[in-house]
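What follows is a pair of complexes built around chain A, which joins chain B in one and chain C in the other.
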Partner chain A sequence: MSVQGTAGPGGPGRAEAEARVLGEVTEDLREVIGEEYVIDMDITMETTFSHDLEVESIEFVALADRLRERYGEAVDFVGFLATMDVDQVINMRVGEVVRFIVDSLPAPAVAGSA
Partner chain B sequence: MAEVIANGVRLHVQRLEPRGGASADSPIVVMVHGMVMDNISSFYFSLGTCLADAGCDVICYDLRGHGRSERPRGGYRLADSMADLAGLLDALGVDRPVHIVGNSYGATLALAFGLEFTARVASLTLIEPPFLIEGLGEEMARSLSQILVAMTDDEVQEWLDNGAGRAISRATRAAQRLLSETTVATDMLETPPFSAEALAALGVPVLAVYGENSDIIGQAAGLAALVPDCTLIVLEHHTHMVLREATGYLRNLLRWWLFDRRTPPPPYVREADRRFATPEWVTQMVPPPDLNAGRRPAVS
Partner chain C sequence: MSRLLFVVPPLTGHVNPAVGIAGELAARGHDVAVAGHARVIGELVPPELPLLALPETLGEADRADIVARSRALRGPASLKFLWEDFLLPLAAAMAPAIDAAVDEFRPDVLVIDQQAIGAALVARRRRLHWATLATTSAEFDDPYGVLAGLGQWVADLLRDFQLAQGVPAAEAAAGDLRFSDELTLVTSVRELLRNPDVPGHVAFVGSTVGRRVRTASFPWEWLDPDREAVLVSLGTVTREAGGRFLRAAAEGLLGLAARAQAVLVAPPGLVDDLAAAAPDDLFVAPFVPQVDLLPRLSAVVCHAGNNTVCESLSHGVPLVVAPVRDDQPIIGEQVVRSGAGLRIKFGRAGPTAVRAAVTSVLDTPGHREAAGRLRDAFAAAGGVAAAANRLEKLAV
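Entry: the complex of A and B
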């Protein structure tokens, strides 16, 4: 049988889902910034957009655009950003975006029992 | 969709919609940012995502020469900016009147667009518009010269090279390129004054917002007196940067304006201990005395 919800908080698939999404966000970040320093940087869940990456606010617009395209309607980036002002957005850690995406995506069906 | 060719120029556009998509009767809101030291991101994060989440079909874009839009050498007169906006609406297939929200120069552009393309406009929200019946071109050029003075200062250059950080340096250098590689400064000088007769006949509701401590607060009363359907909101203790300073209130105000205008506007409650004043270097047109002061270790 298959079960849903393994990517929920603490579920066995959560760490794998976060690692996969972190890789995807990192790929988009590197393309948006496009400079050498970010190619070499080890981007983790704790990396900050402002202090570590020194992202310009318009680069975050471009990142959100790519992520919206990548994940489609499943991830409501507009709703996510609507409650924050620009300083709160830029002061986020990469992990906050990753966790929001993982929380939004439908959990993959995997083999096994509950 | 991120790029649109409008009026022969490649413009960077972001369309923001509520979850599930906009409907046929969702208000279409177009946001127009300010000149030179500004781009799509100021509206995207302050009002764009918020109003889309509230049910609007939001269009944010970078003006020509700004942000991620193309930077042609010429075409920075007000008439060019209006043609760009009309071309953008055409390219996006927008066929019903839109609510335009403009900040600073973007607000002046919005008002001019409302006069020229009245049938395409449902309402105008003008945040800190430079507005004059006489000498508007000189006023726009004065604003630009403030930026130019600040940017060409040696101390500012040193700060950009050594202490400003990547994000501020990139934004400032983009503005420097716009000013040095295009005709924007001379084109601004040609900005025609508004016609009092045309304004008196404007059949579009206007919401005007100024900061009490703005260097152009003196222009607010003239605008409100001339435009027949004008709601003027003056926010105490705020400056020309009111979009950034009072984002929370402006979100409430715009939700009221777009969805609930039959009721009184939401009251403004100033956040405790927050007071904004226009720095003297802006009003006196001299460069800031020491931009590095905040970054140097205190000497006791």
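Entry: the complex of A and C
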């Protein structure tokens, strides 16, 4: 299960890429949290990690593992988290992570992924 | 004989372990006193331990406001609130009063709660012997994980506090007020840590329950010898805010009534209707003698507060944990990692989830075995006697 890359920032495939990555991140989040409430929850770009999803620090570790498995070393989610101060962590939304992943993935675009 | 002054914050869960160790030292003939906020901790300190009252900097309304605001917060928002709005203002207000208390009591050693930062500031500034008392092991178990920015934020905040209090920059950068370099006592066991290697001046002393001042009565004859017993408790801070969870737990456990009775610690009115409908299966009280009950219990459902977890494990009782905030997710993770229990979501778990987790903990021998191994680790850690031994060495 690997991703071949997608359009770079602002490229024509950007919206499609973000929608696809949102779907993938949502899938990983549901597996990491593993609770019924999150299966039923509509996870969007605006969903917050702290307030809406109640993701705890150990779950961030598990999410980082999943994202590394899915996207490889190009997406340094741990490095992304490490730079965040307390307010950024409190307010972090799923969309920020999605955009970070899309930005990190190598261009050029190749359609489709698992 | 030595003179030892304990300094505690106005938080119940921090006072009981300190009082246990202080009581042991007093019983050995040392001069021991406890400095703290009498309005909050007065009832928790036994009369034989002199209480040096710190000025009440918070009025009732302010305290109620802080409690109400903190209840709405979880995770990093809770961390930020705890330090910025509670612990650091407390530290600034406490420092001059601790100076005065030291002048009055002239301790050989200060035993300072990890969150009583103002006292650590005074001890370091006056070059006094001092030990940290950590009533949770979270700070020794990589609490921030991949969110390294949170740990750095706390460290920076504490350094800035020292600078604001006139500590020279080099000294403030070198010494973290949460950790004494001489001796740090931790009320847990190393076996619960991800990495059990700790420096020699960090002593894991196990559970430090001493004599509790406020012991509740319990109808011991209510317990059915042919059924298991499960305790549900959210500790002293969380229970008021835990209404939804407590009700779900009560409903979930009533589904197990054929095999287990439930003892639920809850404020009046919350689940009294359920208890009235099933008086042989569910007992509800605002306080129970938790330590005395533990030998009779088959499982404990709690918020993963360090005291309740360590007391349960030191009796070999497995747990279902529903961490709420602060260090609780870390302590909950310790329980899960050790095999001594399962974790459910405090904010979301319904009756079915509680019942399933409790059933699993009761039926899976591995959980009880893991809890049994930890009971041995707690016994070996030595409790209040081990803590007192280490403090005596520091005092000479």
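Heads up, the rule we're going with is that the second predicted complex is superposed on the first by the 94 of 114 C-alpha atoms of A that agree within 3 Å, B and C clash if a C-alpha of one lies under 4 Å from a C-alpha of the other, contacts with A are read in each partner's own complex, and residues count from 1 in each chain.
Following the convention adopted for this analysis, a residue touches a chain if its C-beta (ideal position, glycine included) is under 8 Å from a C-beta of that chain, and two chains touch if they have at least 3 such contacts.
These numbers come from a predicted model, not from an experiment.
Judged by the touch definition given at the top, the superposed model places A:Asp76 against chain B, while chain C stays out of reach.
After overlaying the two complexes on the shared chain, residue contacts for A:Met84 are found with chain B and with chain C alike. In the superposition on chain A, contact of A:Glu27 is made with neither chain B nor chain C.
Of the two partner chains, chain B and chain C are each touched by A:Ser57. When the two complexes are superposed on chain A, the residues of chain A that touch both chain B and chain C are 50, 54-58, 60-61, 77-78, 81-86, 89. Across the complex, chain C is touched by residues 35-37, 50-51, 54-58, 60-61, 64, 77-78, 81-90 of chain A.
The touching residues of chain C, counted against chain A in their complex, run 74-77, 79-80, 143-150, 153, 323, 329-330, 333, 345, 347-348, 353.
Residues 2, 14, 16-20, 39-42, 44-46, 49-50, 52-54, 67-68, 165-167, 170-171, 244, 247-248 of chain B are the ones that touch chain A when the two sit in their complex.
Residue ranges of chain A in contact with chain B, taken from their complex: 50, 54-58, 60-62, 65, 73, 76-79, 81-86, 89.
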